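Lettered A, B, C, D and E in written order, each chain numbered from 1.
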Amino acid sequence: MEDLILAILVALALAAVRLKDLLGAAAVLGAYSLLMALLWCRMNALDVGFTEAAVGAGVSTVLLLAAVNRVGRREQGPGVSPLLKPALWRLAEHRAALAERPDRPLLSARTMALLVVGLTAAALLYGARDMPRIGDPAAPANRAGSVAQHYLRHAPADTGAANVVTPVLGDYRGYDTMGETIVIFTAALCVVLVLRQAGRWRGPKEAP
Amino acid sequence: MRSTDSLIVRYIARRSVPFIQLYALYVLGHGEDGPGGGFQGGVIFASSFVLLGLANGWGYGRRAAPARLLDPLLPLGCLIYLGIGLAALLAGGAFLEYGALAGSDDPEVRRHWHHYGLIGIEVGVMVTVSAAMATLFFEMARPARVQARVDRVGEEADRA
Amino acid sequence: MDAQLPALVIVVPLLAALLVPLAGRRAAWGLVALALLLAFAGCVRLLVRAHALPEGEAIRYALGGWAAPVGIEYVVDRLNALVLTMLSGVAFLVALWMRRSTAREIRPPAVTGYYSVFLLMAAGLMGITITGDVFNLYVFLEIASITAYVLIAMGRRRQALYAGYSYLILGSLGATFILLGIGHLYMATGTLAMADIAAVFAREPQLYDSSVIRTAFAFFTVGLALKMALFPLHGWQPGAYAEAPSATSVFLAATATKVSAYALYRVAFTVFGVRFLETGLPVVRDALLVMACSAIVVGPLLAIRQHDLKRLLAYSSVGQIGYVVLGLALHNADGLTGSFLHFWNHAAAKGALFCVAGALAYRAGTTQVAALKGLGRRAPLTAMLLTVAACSMVGVPLTAGFLTKWYLARGALEAGQWAVIPVLLASSLFTAVYAWRLLQLAWFADEDGPVAEDVPWSMRAPSLVLGAACLVLGVAPLALPVAQAAAEALL
Amino acid sequence: MPDAGGPLLPPAGPAAAVPGPAAFADVLGWLATHYNYAIYILLMMIGLYAVLAKGNLVKKVIGLNLLQTAVFLFYLSIGKIDGATAPVVWTDRPPGAEGVPYENPVPHVLMLTAIVVGVSVTAVALALVVRIREAYGTVDEGEILASDEAQEEAESARAEAQEAAADAAGARE
Amino acid sequence: MSGAVPLLGGLDLAGLGPGLPPLVCLLGLLGVVAARRRPNLREGVSLATAGVNFALVLWLYARHRAGETLAWEGFSLAPGLALSFRVDALGLVFALVASGLWILNTLYSIGYMRAHDEPRQTRFYACFALAIAAVMGAAFSANLFGLFAFYEVLSLCTYPLVIHAQTPAARAGARKYLTLLLGASIGLLLPGLFLVYHLAGTLDFAPGGLLAGVAAADGTLVLAFLLLVYGMAKCAALPLHGWLPAAMVAPTPVSALLHAVAVVKMGVFGVSRVVFHVFGPETMARIGADDLLVGVACFTIVVASLIALAQDDLKRRLAYSTVSQLSYVLLGVGLGTGAGAVGGLLHIGMHATSKITLFFGAGAIYLACHKTRVSELDGIGRRMPITLTAFAIGALSMIGLPPTAGFVSKLFLVRGAAADPAGAVVLAVLVASALLNAAYFLPILWRAFFRPLPAGTEAGVHEAPWPCVLALSLTALGTVGLFLGHGPLLDLARAVAHAAFGGAE
């Protein structure tokens, strides 16, 4: 069952990336998150599934829809990001364009991106070579001496909570969760700052 | 974002908000025994306002959760969290050591205070997360003319 | 109170950051300055205590009362006490400096929010430095990054928005790589506390050959290199520093990239251990050496052509971070001492230079290099600050910059990398070229530029403290004994 | 100077060295037991490609989301234990060798934090995109960079003109 | 350390010893900046500083002759890197010459600046005081790092002096000045420093040479030697002499400072430090570095004199003459014989007094009648007798004729060359350069004294203001005086030679 969900997930991801209509891409991303939430529940990660459904599918998709509504649905323009090419390269290309030299740029951004993606994938696959089998109880993370088993044994005794995830989240690693709350507070503060308090940014025509 | 023109959707949205918020409090309460907790409760609580905003229009939603209410709530939740941590620190334990709040070394009593501490920070988290998610939605979904008015206020203050 | 110091140093700025939006506009700045002053005092106290500790020991603080592998712990040893003091010191000085500068560059309704985000960033950076838990490092890295994206985007021109956005994309890529690194580490060792991971490696040395660990190190390095703007991955930095408001540029340039460099040291030496660097992955160490050397040379080279002062200083920062990474690549005590010294030296010099750029923006409204004309006559103190900081960047003896070059050169010769010496000298010469151009305009220009008078004292005093630090650290380096002991401890 | 450069990592292990049928079976065997890891790498590559290659700023944010959810899949696959139930420990079924195995709760905790961080970054990114659209009038990176460079050249041309005027004035007096 | 001199109550000033002159000059700098509003006070403070400084150096010399070793640890920056000071014979030679002539130079610049009504005089005097502080620091610094640090400080603080007029020509000249000096010091001297530290593990000067006992390949040692010598571009050895003529754009007191008193002498002093106390005569001989130095010196002497012949501008001609005269010191130091060393070190003093007289003369001529070209100097001898007679004395000293100081040092150089086995070539160079000096100095004198004034220009030509003429005549008398009584310079030079080569004078 999980293998099927994973395959559908890959298909949805490809669709989200390929779709020209941003609204459609946002909807597909929502579906992708919901399916991911279902997968977490299948893998016994109930809390994560719950949060993914509420936060991933709920908030992200709504924000994306609101942004697309203000930004415009169609993905126009050449659709190729020059972000990857270092500034010097872009400058050279810009000059080449100005001088109307017809030669196609040596490596377009698309091939550069594929190159980097291929390199990262190779690194990850190399890394996955020695990984323990999925679900192997003797894996370093799950074996007897690991910190996880310690939590499972002591959490109910230390904090009286049955769902071990909550005490680990709130008590043992409570500081992480405080950091996380600070992160969500920062995000809200920053969005308020950018969208409400800072006022309009100036284009070249307005006074500096 | 105008309200939807179908009356049914607007009516049901208005009526279902309290139930969503009740469910959110249930999720918060049952963080210890089953899946759930501060984050999930907070998001569901915020989604009730989002639902209002989507169904009845941005203005209606904003009136239900005005900026004057949400902005102070944002830091308040974190302050609850930090407050509990500092209380533990002042009570002699380490930062965020809920057991120290108990004031006695009997492990049974300390275990209860761990429990109360846990619930306390879950409340803090819920306050911040719900205020944050609602603020995110209302800031992003602000219609163009409201945005123009807000920016003009900023520019006048700038010129003053 | 003394035992609670590690937690308080981080919690006090966080608390202030939360109280600032509630405190309203008048009390906001007072709260910021007070919080950072307390944090700075705490960090100095920690530095004194850490330096008094015997070799190899550190101040440990279990958060939430749970010991290391179970809970999260804060670890303060000589190295991060050094970085902490630099961070909180510069943050406090910038807090003093930025009051008048933000009043002029940021719209009034946004100033309180700006202060709160500034405090969060300072707390985030300090959190990265002091933490002893790998995932906690990621959480505080995200706090520092999100605040940095927005602080940059608050610049007046629309290019600031795009600069913030590009930094967000590349920064998030970096953070995701770091998260992957943490995942691989957790999978292979089963724990998240740095000390515990090192213990697992000590117990099972054959782990060093497993591909999972090598990938973890590679992704940590690439992720942190992205955050650090090390040469090939520095695309976001020039735009970010140039377009940001002056206060952000001063604080970011003086501290942000060096915290990522510190994190790389912490990961490379404490988590993976010295033996891993020697046996595990020599390829990464050579790659780091090449990246550092190319950064050292290309940074100032690109800086020479710039017309905008902040962009010029940003490119020079790309070069200076190469010095910090060079110590890791050289992998011996002198090289490391040089890099650790550079934490303070570069913070003082680059902070002072960006304060001059801020003063220019405050008085002349533009940060074009041409606006420096006649600064010597109209604003003598700021011009002197520019001179001292530029000399420290060039590495004139009796200034702080020289000591870093001295130790890095010694380390390079000891490590047999004699080719590093011409690299160091070439970068000093290129730096001399653009430093001379700035000083020429400031002191020897014939007509006067737009700067009519010097900046108010509330801006001049903190920047002069930074300038004085360039000189004091050159003649009587306070950080030297600490840096030396930290270097020995790591090897 | 040490011979630097070369790929960041040494080439893959012996499996890739010999591309014979044994290796193919070996890869299939690996796939059977490490299926999740293959999928997370695939998802991550789709996300990374979108971030790097797509010019539209919103599409990049979508790519970023895909990238981060792939990492969540990786983390949760670490903690998976065969035949385990959710990490909710009822007092009558204590954990341990003979009891029912519970799943590893640590990745769940980490992923709760990572999801919230992911949403925060997305929210800030979208806020910036909205403001960029308002200031630039477009959300395509190519057009944004083109208008920036055009503005840059206009300013540097004006700066040169001023300097030329100043020199001319200098030369005349 | 002898008893504390209770100058300022408890402060043990004697303990500072060699540290005192730089500190006094820095106080002078602060005084000048403080008194920027009142010109008379400002110039008074500069003059007083120069005077006190010279007195201090004499006091240090007296106690050094009495056999005390004066040292001050100063700051220890890092293990192996310290700013410490020690008084020794070589340092005293340089310090005495520099501080002595400093007083006259300050006097001269007061007259010149007032007469010429130059702008930005506070910056001028401040950089002046900083320059002398750097010179004093370098003279007494006890290790190579101190020498390098003060060398850099001198380069940086003389830059505002060279660019003083801030005209486009001044800017171009100063730019070349700084590029060459800073480029050579960062590009060559700094790696030399690193290499020496790497080889020897320390930078402190040792009597027999810091690298004496170091087991290192000769090639590395020669490389280190070349880096250090050419790194100190201030000694104006060809081909790194370009900055000297370029610095002619500066006002005359600065040219005097550059050429006679501080900058070039710092270069030559640095090279002699390197020869005597970094490598040591035995190592120099072993690796053949001394022949290398002699070769460079001879080449510079001849070529620079030839270029000087062709220069019509008076100050440029004097500049190239300095380039060649400096190499006499390098020649003496490189000869490897006692007499040669004495000759070289003496020449520091002799050349300083005579060249400063020439520059004061050139400045006075420029002040009096705004003439800068040699061809324009017809007949001014009769109108400006004092200036031109002093100029003549300086010129004779350059050529090395008996009544003037130049003869003494050249005599020792000749005896040193004679003692050296391969000295024939050196002797030939010495004679040839004497002739060349005559060739480019005598025409000036002949033109000034024996050619009639061009018609109708009598009114404009008269003597320069009194402070300049006073300084001018004092240095001329000094040039002759040094011939009669060599005084402390000879004893100190002999002490250095004795320490280096033992016995043979």
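FYI, a contact is a pair of C-beta atoms (placed from the backbone, for glycine too) under 8 Å apart; a residue touches a chain by one contact, two chains touch by 3 or more.
As the structure is a prediction and not an experimental result, all values here were calculated from the model.
With steps allowed only between chains in touch, the distance from subunit A over to subunit D comes to 1. The set of chains in contact with subunit D as well as subunit E comprises C. Grouping the chains by touch while subunit D is set aside gives one piece. The interface with the largest number of contacting C-beta pairs joins chains A-D.
Distance from the centre of subunit B peaks at E, each centre being the average of the chain's Cα atoms. Located most centrally within the structure is C, per distance between chain CA means and the overall CA mean.
Centroids built from CA atoms put subunit D at 24 Å from subunit C. Subunit A and subunit C have centres, each the mean of its CA atoms, that are 27 Å apart. A separation of 35 Å divides the Cα centre of subunit B from that of subunit C. Chain contacts: subunit C has residues 14, 18, 21, 63-64, 107, 109-110, 135, 139, 142, 146, 149-150, 153, 158, 161, 169, 180, 186-187, 192, 211, 214-215, 218, 446 touching two or more partner chains. Shared contact sites, meaning residues of subunit A that touch two or more other chains, fall at 46-47, 51, 55, 59, 63, 66-67, 70, 83, 123-124, 126, 128-131, 139, 141-142, 146-148, 151, 162-163, 165, 169, 171, 173-177, 179-180, 182-192, 194-195, 197-203. The complete set of chain-chain contacts reads A-B, A-C, A-D, B-C, B-D, C-D, C-E.
Chain contact summary for the complex, subunit B toward subunit D: residues 33-35, 39, 129, 136, 139-140.
Only residues 1-6, 8-10, 13, 48, 51, 57, 60, 64, 67-68, 71, 74-75, 78, 106-107, 110, 113-114, 117, 120-121, 124-125, 128-129, 131-132, 135-136, 144, 148, 156, 159, 162-163, 166, 170 of subunit D touch subunit C when the two sit together in their complex.
If you check the complex, the residues on subunit A that touch subunit C are 83, 86-87, 123-124, 126-132, 139-143, 145-148, 150-151, 154, 171-176, 179-180, 182-183, 185-187, 189-190, 192-194, 197-199, 201-203, 208. Interface of subunit B with subunit C (complex): residues 71-72, 74-75, 78-79, 82, 85-86, 88-89, 93-100, 153-155, 157-158, 160. Taken together, the subunit C residues at the contact with subunit E in this complex read 391, 394-398, 403, 406-407, 409-410, 413-414, 421-422, 425, 428-429, 432, 436, 440, 443-444, 446, 474-477, 480.
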